[in-house]
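As written, the chains take the letters A, B, C and D, and residue 1 is the first residue of each chain.
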Amino acid sequence: MTQQIRIGLFGTGRIGQVHAISVATLDEATLSWVCDPFIEGAKQTAAEFGGRVTDDPDEVFESGEIDAVIVASPTATHLDLVEKAIDANVPVLCEKPIDLEISRVNAFRDKAAASDVPVALGFNKRFDRHFVELKRRVAADEIGVLEQLLITSRDPGEPPAAYLQQSGGIFRDMTIHDLDMARYFIPDIVEVSARGAGVFSEGIREAGDFDSAVVTLRGSKNELITILNSRHSAYGYDQRIEAFGSAGLLQVGNKNDSLVRHWGSRSVESAGPYQNFFLERYAEAYRLEVAEFLRAVRGLPSRSPGFEDGRAALILADAAEQSARTGAVVAVDLT
Amino acid sequence: MTQQIRIGLFGTGRIGQVHAISVATLDEATLSWVCDPFIEGAKQTAAEFGGRVTDDPDEVFESGEIDAVIVASPTATHLDLVEKAIDANVPVLCEKPIDLEISRVNAFRDKAAASDVPVALGFNKRFDRHFVELKRRVAADEIGVLEQLLITSRDPGEPPAAYLQQSGGIFRDMTIHDLDMARYFIPDIVEVSARGAGVFSEGIREAGDFDSAVVTLRGSKNELITILNSRHSAYGYDQRIEAFGSAGLLQVGNKNDSLVRHWGSRSVESAGPYQNFFLERYAEAYRLEVAEFLRAVRGLPSRSPGFEDGRAALILADAAEQSARTGAVVAVDLT
Amino acid sequence: MTQQIRIGLFGTGRIGQVHAISVATLDEATLSWVCDPFIEGAKQTAAEFGGRVTDDPDEVFESGEIDAVIVASPTATHLDLVEKAIDANVPVLCEKPIDLEISRVNAFRDKAAASDVPVALGFNKRFDRHFVELKRRVAADEIGVLEQLLITSRDPGEPPAAYLQQSGGIFRDMTIHDLDMARYFIPDIVEVSARGAGVFSEGIREAGDFDSAVVTLRGSKNELITILNSRHSAYGYDQRIEAFGSAGLLQVGNKNDSLVRHWGSRSVESAGPYQNFFLERYAEAYRLEVAEFLRAVRGLPSRSPGFEDGRAALILADAAEQSARTGAVVAVDLT
Amino acid sequence: MTQQIRIGLFGTGRIGQVHAISVATLDEATLSWVCDPFIEGAKQTAAEFGGRVTDDPDEVFESGEIDAVIVASPTATHLDLVEKAIDANVPVLCEKPIDLEISRVNAFRDKAAASDVPVALGFNKRFDRHFVELKRRVAADEIGVLEQLLITSRDPGEPPAAYLQQSGGIFRDMTIHDLDMARYFIPDIVEVSARGAGVFSEGIREAGDFDSAVVTLRGSKNELITILNSRHSAYGYDQRIEAFGSAGLLQVGNKNDSLVRHWGSRSVESAGPYQNFFLERYAEAYRLEVAEFLRAVRGLPSRSPGFEDGRAALILADAAEQSARTGAVVAVDLT
């Protein structure tokens, strides 16, 4: 396969656009099909980035013109499309969450395990080079034994009401990224406790959801992991990690595009505001995510998270939701 | 009372020494009695800072030569000495925790409430000027509505085994400072959940205690407070607070005595290590704590935390212990 | 001219490569000719980035297949090629310095002024977005009246001996960038004093050149500008500017690609090393430099520095050399 | 001399007050005489810090009640009082500058050299522990060979007109501190060039003085030292040093009393303003300066700068003035 990998893209919403850009940017891939029941979206995306257009997934799989697919359609369609991809023997990169129902995920698990078709999950933060560097340096023993992990993750602003309705709640929609990030450092999580709160958003409260959350995980070696979430942040996208170990601390701070700082009579050393959106903060990570998936498509070793990672993150999100609702810690078994 | 306030000091261990230094430093006070059943300790302290010596608390109270007392003796003696002070109509500054048994504290509560004698509790962090500034700026609306609070508190190294035995455990001994600090910002806490872990210290595990802990509190306005604790820290005493609000973030960072930073071929912008001990980090706070207590002794308005704050912190510590043991969130009523 | 702008490139050394990459990256331009007397270099560059190959500049100009040229050949050839471009009515982007002999530049000045052909000078730092932001914020009155400017500019390591021989010396080769940067903020410089030193490099001393230098300029409004130079820097490429004004200070710090910081027992808050080379630090600026030149090619308003800026920088560099040699301040008239 | 050292203080202006406080703070010294022709000033200082009062220096020296003197009177009186001290065999700590006339200093030089009486000069910055740490770390080879030094020194606001009149000009009054600081790191200075400017202060210009200055020194090993001065600074007292060496960089940054930083929608990581005055920034240094002088008084090894350092700083300041006036570099010989 020395020619370009032909990609079929499902879903042309915000995240579908991101993946279309990545495919267009990467020399080794090309967009061959764009599929969306909202056919106008498909047409626009294809006009910009190439590919044929359809609203029928089967047409894509039956075309014989795809080497891999990217699933960026609504969550409820993820599992079906992954299954179609496996049946068609086509590698698939599926957005998170893999589904909102763990029972459906579990029912599908054996099939996924039995297949050789690569299934990659869209946990983009695993491809951020600062978090990758952090993991490498933890592994290189720069802080001794990893004992505590703090993941601060705050979105710039709350999502639209329509999005909230089908999001599955803060834990399955937003925290799930941080739960996977926790597992990137400490894969074997055995216990989840969580507190949620509605502190600022009437809309989120009315949707029965939390706008703020704190999650505490325990790893199998007694590591304690804390996740701080908020659906808003006045100072921009807040994405930090602190890894505390027996011999020191490593921290990934927020990204500031400007090197300029200001000194005045009322404050000093002031930097300009952070990037305001995940597409900016993780632009490179999204591209590397697709690039890594393409390695799997080519049969090369790939460090893409897979089906089991998607399932584990959902189990942790469900456990967080349960803990936040009941007040009890929830034991989990990710094996 | 224009002359110096005569102080009776109970206990001449490490923290007793700290208070003796503060009294010696403050012009308006003088050490008149030093009491310790370990009479050699009392003698040494008196030799250095002045005062008469005894191993009998009653002798102090009956001498008629004290205007106030500071209780820095072992925790088990705190309540008795506070009671003696109230009975003798002598203002008292009592070290934390007020006791390890909430039942005893509750039994004493009415008496404390009925008395006009000032009872101050030794929560020194409330007098650190950085935390005071943080509170002032939160109150001045610099970050809008306070929604989340993160208190990171890690000791440089674990305490001696003998100390651990009678410490009451990490929550009542160490976390209790952070629980009070949480209440300094958000007095009305309604819920506690906590996870403890033994991740590095054999000795602490054998003592049935945790060497690491994460506590999540909820305020009555749905604020979420997180406390991160460890009994060791390779990079020195780690004492940070982040206050997250609807309009921004305020952070108190760690203190570095040196203004020097280094740039080299392997790392840049490196600062020297932090102060290694609470006596250095909070030296000024300990002095201000006594100074503020002296205001109460003089009948002036004082912002010293009092008996109810001591009780509240113990209730929260007990709740944290219970939650860590049972895995269930614990509702608390501090009123 | 809606089609791509056809570029003729002179010189395929390090900086020629940089421009070839920029042209290849920009959609609106294409490489149509690559010219180098070292024909193998021209062939390699053309093989990678496109274009026809020659060792004869006239062939390029006579081909009728170019809309603009980029001059990245040795300094001694700059003026001749700029003249050919003007004669051929072809816009030209010329690398710095425009020449090493101010008499030749002056002799050419009237011709350049009489021509409508755009002549842009390759002062890439003017296109660094941090310096651009700094200038915008100074202009926006964030620090009041600009009184002092400090430009710290240290290369990671000294250039090869062969390069040194024909470099024109530190002031005309390296400082010239900072002299132009000074004029980016304060165009009207009236006075130059400079000190040079040979403190670490035997080779540079033997070449009769300085490895370190400090230059002080005075603007027509009595602003004082200081430039600190060194031909080596153990901690990577050091590129900072501080603008001091009546109401505050603005600073552009060094760029660090990593967001990771380390805390350990011997140092805290340590960042990883800086980028090590100007091609990395100014990669985006080089691209924007060519993009801005293309605006001029299209007849659009362009903020590219021009012939007069190239002349001014050389006058300042000559004055610095003279001052460093004689110990006397040198008055300059850039008009 | 196990009893307290009895100090005679000359001058009770601002700096005289500072020394009186230091003496009062140090256990080993006591104020025995306060002398000022403005007798009310002497009376006030004595009332607060102790000592007998006079307006006649001879009365102090003839009293037999002093072990050492501190000279904080107007500059014109310095040399006379130092001479009286030497004649009286009394160690003397003399404020900078030692005089404004190098001819008078030179005329006195032999006498100072012939005497065993300790003469210390009041260069307080040598006792700032951050600069001391910087020197120690440079000496410990943390940055290899010291090649460049940058001293940024900006006062918060310009001095009163009356002070300016007798100050001797910016170089002898303000820069002289930085010239001595340069010699603290690189004692053997061989060359001075300086540029002065009047950029903001009408009053300073009318006084024939500069409000801003840049000085470049050369050390005997070809080190280049740059001093940046301004008589005002909107963001508070600006006192920084950067030492650049063959293997790295060490920097002393500005001091901020607060550990609090702010993140908002318009700026992030903002610290509060710096200390606003030299008495705050160097409070500890002034105390250590006197303490070190007391060591000399006791006959112990002392690292106080002495007469030769005072003379050297004045020579450098004179050379800077001359260079700023003539535009020519000035060679100096400090031996």
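Quick note on the criterion: a residue touches a chain if its C-beta (ideal position, glycine included) is under 8 Å from a C-beta of that chain, and two chains touch if they have at least 3 such contacts.
Everything numeric in this text was worked out from a predicted model, so none of it was measured.
In this assembly, B is the chain whose CA centroid lies farthest from the centroid of chain C.
Over half of the residue-numbered contact pairs at A-C are shared with one candidate from B-D, A-D or C-D, namely B-D.
Distance from the chain A centre to the chain B centre is 42 Å, each centre being the mean of its Cα atoms.
Centre-to-centre spacing of chain B and chain C amounts to 59 Å, using the average Cα coordinate of each chain.
Within chain C, residues 143, 234-235, 247-249, 254, 262-265 each touch two or more of the remaining chains.
The touch graph of the protein chains shown is complete. Across the complex, chain B is touched by residues 143-145, 147-148, 150, 152, 154, 191, 193, 195, 197-200, 212-214, 216, 218, 221-224, 226, 228, 230, 232, 234-235, 238, 244-249, 327-329 of chain A.
Chain C contributes residues 130, 133-134, 137, 142-143, 247-255, 258-265 to its touches with chain A in the complex. Contact residues of chain C toward chain B in the complex are 234-236, 254, 256, 262-274.
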